[in-house]
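Note that the chains are named A, B, C and D in the order they appear, and that numbering of residues resets to 1 at the start of each chain.
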């Protein structure tokens, strides 16, 4: 199936492309710990398309949830109403996340560096911040307990930065085997899905490398949107465009969500 | 109300007297962690007579249970069916017992010494026991986490011993302030209710001292049934005999229980 | 032991200036009505604890109730920043706000340890993260069997826990259902507690044998405040008013619009107002 | 990931000689049918773990399946001793039995730690008790904040957990209710698991939002064995057969009566026999 074309331009936004590309990273066998925002849309799109068996878990305690609309928060009633069961938050973090039962942690973030470390804590000095961000929430432990981590966030030079002011959650640390030396036994970030491209860590250095470029984006656009001199893989693929079905299901999901939230 | 008299002898058994005396130690304000056997009969008799508001908790996780018949084990379905709620066993021991929420722990035991330490583990050497008893179960922590401990068990020289082969659960240790020096912050055993008498620890030495004697028992009978030279309080009371109502309710309870268990 | 009271009396008796107060609720069952009463009574110098401080804590911080915040994620979920919290941290307005920041895992474990009467919680956490560099309350313990080093945080033992639950019965037992968060732990860990509920019923009736229930002897004041979790929600009663969460962003962005809103809706408000708010359709 | 199997296949695939096996059930939902299958298949050198070893473990020990027992209370509740366990400990019949003995609090915390992927559990326990003198697996940790010394025990991480639950749905999710004991923890802490259930249903249907459920991806083999907990009980299905517990005492007292009973009722028995046993009135 190919994407609808209008005036020679694929009729989807970069954000839609990002969500679709992120959703494709999940399979029906995954047990996925879902971060709010972009990850939540991608995970539910996967569930509604090619991965109907995927198990979605939100840190509010909802296990195996199948929301009809996207939650605004990680604890909307919709998540509980459609879940297999709902456990307490201490149990969620002890038995389920720390218990090592999650195959994929799906995170977003305010800032990321070339080794896929994330910052959602502060911009500027911690004690005297320029911008006080919400903080880590579940991310510090999601980043180390899940078997692997997918990250999805839109590119931009203020988000993809050369040096993080604060490491909220560990990616590959300073690269190479640094992650393992710090005591993490899981794979860490294995792909970063943006609105322009998909990056994967170099097998040796663990530096994020552009693996595929979305339709409409170019190497120059990606370079401009990245705060470090971004590397490209030897062979860079073109990201398969969204199918008409994926787009239709995603747009339906967003339309239902907007109606349900009654605002914005 | 006085007890029924038959041929000049109070018409109740020593075990009934023990159960009634033990039940009277509880009030409606108590939250009581109930051991199986003699404690269970006493606690439920209290609930069915003068202490209808008493909260009974069994280590199987049942909170606020109101069984119509006595359970054979601490996890009979009757306990769950009539409970306010039932929690997992880890939660029971973490939030409820260790949480410090229990006013009275009601224990029995195979052996007791003069400082109300209990043994339910072994007779003889631990590695080569003469008799392997069931073990401590919940008792080691019941003995230290409940605000106070009541003990009920029938007297006899093999049960009330000069020296325990094994301390399963702490009473007053070696007496005096030994219990506190070992790190226990709760009162420990405050009364031992037997089939012959009620003992309470001396305020200074913490040695168990006979405070009241049941109808039909004598100092000599008590001395013969005790493995250490038992002390008597300066003023020894006569234990108030069971009332007709207490006996009727206790006997009804046992009759219902026997029918329900369909055996013995 | 549970006592049925008015909200004004419950807060007056239970919450004191300088107290450490945990008002919990993980998106669900956030005790807004009780928080507004704390604001109306002008409590000061509170140490507020909450995993997910959201609009309610934004309001309390903006009104100057709090000297310190212990938390793990402070935002308006799905919307953006808490502007009043940011103004306090970045500009000390209306007063400086100390932060003690943790991860969710740390806070959840710390509540669990508090309920269990332990002094600390050990968990696998903070590996490679920067928070331990700025928070001296993140330490470590070594497993006496394997030698592994684990993260450790102090147990949370608040002076006061305030939660909103679904129902209480006439004996003062309290029932929760749905996303139960850390509310049971918060109440069991606290010295004193206030529980607002949607309704008081004669009897819980038939229920799951393992229903989440706080027995009457584990809670302090109980107050019936229908709608008391608005704009959060109460499982089976009313839905989360996501439109309100979205609408809060412009209200809280500026100090004057914030103060005007607080005057009309909180300072001049009453607990009884919540029933009508919760009944409005979510889009209103 | 859950697979529906026969009991014989499930035990053959899951339980190996020398394994550490936890068959849990706190009076309720004891997996008798599965235990009998382990006996029939002649497993040897098992380390059996259970808080409250009762008749089932008495049978397994008496049949020589176990090299070691880790436990906290070993008796026939309300009746007396486990004669086969005593014979093994006191007389090494039919073989010596090593004991690792704890308190309930220690075992419950150790299962919880196992489910939480922690190497040890810290708790306030064993104060003034003699068990730490005879069990080198009782150690201590010091709180890094208060300096308090707490008891520590290793987490329980069995090779195999075996439980009996009420229902499974067609996807292999498993539901428990009532006295849930440490069964969820045992399964989550174990490498492999077998769950026998009273019935397999199309759908759990309406249920409490916080029902105790083990998702299909957390369990191994699932086997429908109606009555599989007899003479223990299954909440809502059949009651505990207290008469059987009382009757067991004389059967187990002597080696020959025990062996005769085991031959007739276990070695020559089948999982299908349990349905009829559980249907009999409790007094039969």
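Going forward, a residue touches a chain if its C-beta (ideal position, glycine included) is under 8 Å from a C-beta of that chain, and two chains touch if they have at least 3 such contacts.
Remember, it's a predicted structure, so these values are computed and weren't measured experimentally.
Of the two chain pairs considered here, B-D and B-C, the higher C-beta contact count falls to B-D. The distance from the centre of chain B to the centre of chain C, each centre being the mean of the chain's C-alpha atoms, comes to 41 Å. If you average the Cα atoms of chain A and of chain B, the two centres end up 59 Å apart.
Centre-to-centre spacing of chain B and chain D amounts to 28 Å, using the average Cα coordinate of each chain.
Residue positions of chain C touching 2 or more other chains, listed in rising order: 112, 116-118, 123-124, 178, 180, 185, 209-212, 235. In chain B, the residues that reach two or more other chains under the touch definition are 80, 86, 94, 98.
Pairs of chains meeting the touch criterion are A-C, A-D, B-C, B-D, C-D. By the touch criterion stated above, chain B contacts chain C in their complex at residues 31, 55, 63-64, 80-81, 83-87, 94-95, 98-101. Of all residues in chain B, only 36-37, 59-62, 71-77, 79-80, 86, 88-90, 92-94, 97-98, 117, 121, 126-127, 129-141, 143-145, 166-170, 173, 179, 182-184, 260-264 touch chain D in the complex they form. The touching residues of chain D, counted against chain A in their complex, run 112, 115-118, 173, 184-185, 188, 209-213, 215, 217-218.
On chain D, the positions that touch chain C within their shared complex are 116-120, 122-124, 137, 139-146, 148, 150, 152, 154, 177-178, 180, 207-212, 235.
Chain D contributes residues 26-28, 51-52, 71-75, 77-79, 81-82, 85-86, 89-90, 101, 103-105, 108-109, 111-112, 123-131, 134, 178-182, 184-185, 233, 235, 239-240, 242-243, 245-247, 281-284 to its touches with chain B in the complex.
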